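As structure tokens, here come the structures.
What follows is a pair of complexes built around subunit A, which joins subunit B in one and subunit C in the other.
Up next, the complex of A and B:
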């Protein structure tokens, strides 16, 4: 890629200095006002339902404000690729052919699933973002872990994911698309609330160390609350199906 | 309700709700305290040594659940039973499956399980009925016995090292199933019983309740028992004819009459309604539902409608109510 950039000057190669100049820092003095009127440290109300897809082994539907996501799980089932015997199962994530979201989904889920309980077989996770209203990846991850619990796949714990945006001097939790576009930096944590373990931490953009500490604490707090909401959703769906 | 895709009007919703509530109160008191979700701690008396069963794991000296379900305790064993359990195969289960591949010396069957099951050529009776070693010619003629997409009934012989199943079909009651319908329902709705093969005389229909959630409803076929091994078995010319392609006259003879087809569809729809409502499938319940539909004079396609589902739910609630009252 470096050779290509040097060869033809028409190829676009982003350089850090020009990028900064194009976007003037608007937020150093002014407080950001959230378009949906939330507090900076307030998450959107979550609507979670399991059992949305009948054909799948397990499925879940999540609505966080305008972000609507549906995840369906198939498996454990025979995989064409794993012809050799392997002690552990495989996890295959597909988020409507979006490679980035798929690979991050895979990284966050594989720490929570007990892969050795389904050797030689594969669990397929299919995520579909019906409407993108900001904070897509965390919602997909939380929805996927609900769907896995619905499918009866053995896991160490539910996976709750929350992201935080840094806008100037404000830290905004659970950002909407507008806030994500204007952010100076983003931080996403996926953790296992009951075990207090983190499966994935993603930091992008500009961050100062004290801000990172503050953002991580915010996220972990929100994750534990989200974990409780996910648990109550599962308990509700299991009590209605007990017959 | 999972799978309830029909729209119920207001009165139907109320009636259904009332019937389901009645069933819930009658059910053998499932304690809601014992339901757990993933990573919930399981209350365990630490002094007795506790055996951690399926669905549990240990975390910092505490027993923690790994799936969502209900806690079951048997003496020292503690395990979590999932509500919509996957099929748990056991040796001797009757299975209905579909052939997905013809492989060297075996057939691969799709059963409602995490892996495909294998039916070895040696576990299958040869068409001429002689007990002999399978030769290369037999292997080449495997397709004349079962082809791709055939529905087969077999029995679980044992488990292979990687967890997949090995089947056997060495009796006359197992083998290829023709002239009928195969249904897929959740495996936990079929409990293991003494009899999985049912012959319904009044309809002329064979009903096979596979433990894996596949059910076969088909026209009745007479099974000849040629397991008498003391006499030398002569290659039966009639036997050979049934396996090769049939001529037109024979096809006319094996034509399934319209009434039998209608009965097949009626029974199949009864099973579909029961599985949507989540009731256990047994032969008595199926016959009850079919009688109900005939007594109400419903058309076969109307059985899948909202009204009939509500009727079935009410009927089941009534049935269980009367049976518990009789027990007292």
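Up next, the complex of A and C:
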């Protein structure tokens, strides 16, 4: 928005007429029907496995409906990128060159890992989304924390992530890609289930305050249930690997 | 000797192991100050180590033994086996391959400085008569060092070159703490040799 020389100073503010959304809101009085037949407050069944990648220190595979994600962990190891000495460890997240998912993943995980147990070294987290069926980032975060626990990296707690979409007057949990495209707003919470602490809260779009409260309660409840599923998956896989 | 009783039950990070007033947090566990509870920080089996009878604090220590032995990381004070890569005027670079008796997954970089090669006459050390590229040395980790490498030291009798190849290609036999001899040609080469055995 560069101003030509001599013109009035350039300002940019959306004019009232263009501010209205282009597509008409569909859901003012009609309830949304979920394409896979779930209830609004029902999450997709979670399939979680650790130890998928042998070459990595730790790895996990997660399948939530059509969203399939694999995360592998390398480390703690030396990093050539380390220019400065640091007396705590470093976390490096890479989600196949998707900068946004990588930086969000980093923010959610760094609160849960005990970085001072591996000074000077780096833990590399590589996330690969094999199939994107909606709600990618929360699945990547949960899968990454499972992989970290599998790799033996010391953590304060597992990280469970759930997102909720607002479609008109309905709140749907664990949206599929179609629901994410139509949403008026999205809210994602990543929390440490047994310590009841939130490491990241991301809200996008249009929200009213009571809806935000309701959505947060939904998410926190779903996170604690997801946390239980993740723990039972870890216990099962480590007891079978010991036999 | 303390008896470690490993339980059957697996614990995961974030699970409650006990109250801070009853147990101490050992390796693999940590204590949260705000509610004085001990949580696990690893996946593995819980293991309770009873306290020694003389200590004033009679609380047992709870530890978590990780189910997966992931690659060791060099720590200050531990003995490592490294292979010398570069020898320069005032230091030698080495790649750390084993920590203690366990091999690392990926090598770490280490540096042996001129003043850390031996304990006596440290300013008269000639790096080229102490190490050559390709030598296997046993060293101890002095500190975490700088961003690029750990600082290693061979300034003890049992530290130094453990195995080296002569210029002719044969594995040399140590003669004294400064010399090694090639079995094929009989040539004597100078190294800072480690004292092995009794």
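The rule is short, and it goes like this: the second predicted complex is superposed on the first by the 219 of 243 C-alpha atoms of A that agree within 3 Å, B and C clash if a C-alpha of one lies under 4 Å from a C-alpha of the other, contacts with A are read in each partner's own complex, and residues count from 1 in each chain.
To be clear about the criterion, contacts are C-beta pairs under 8 Å (C-beta built on N, C-alpha and C of every residue); 3 or more make two chains touch, one makes a residue touch a chain.
These numbers come from a predicted model, not from an experiment.
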Superposition on subunit A - do subunit B and subunit C clash or fit: clash
Touched partner set for A:84, first subunit B, second subunit C, both or neither: second
First, second, both or neither for A:100, with subunit B first and subunit C second: neither
Partner chain in contact with A:157 - subunit B first, subunit C second, else both or neither: both
Partner chain in contact with A:39 - subunit B first, subunit C second, else both or neither: neither
Touching partner for A:54 - first (subunit B), second (subunit C), both, neither: first
Set intersection of subunit A contacts, subunit C complex versus subunit B complex: 57, 76-78, 85, 114, 118-121, 149-150, 152, 154-158, 192, 194-195, 231, 234-235, 238-239, 241-242
Partner subunit C, residues of subunit A touching it in the complex: 57-58, 74, 76-78, 82-87, 114, 118-121, 149-152, 154-158, 192-195, 227, 230-231, 234-235, 238-239, 241-242
Touching residues on subunit B, where the partner in the complex is subunit A: 1-3, 5, 20, 23-24, 27, 30, 32, 35, 37-40, 55, 57, 59, 64, 66-70, 82-86, 114-116, 161-164, 278-279
Subunit A residues within the subunit B interface of the complex: 51, 54, 57, 75-78, 85, 114, 118-121, 149-150, 152-158, 192, 194-195, 231, 234-235, 238-243
Of all residues in subunit C, those that touch subunit A in their complex: 10, 12-16, 28, 30, 32, 39, 41-44, 66-71, 73, 105-109, 144-148
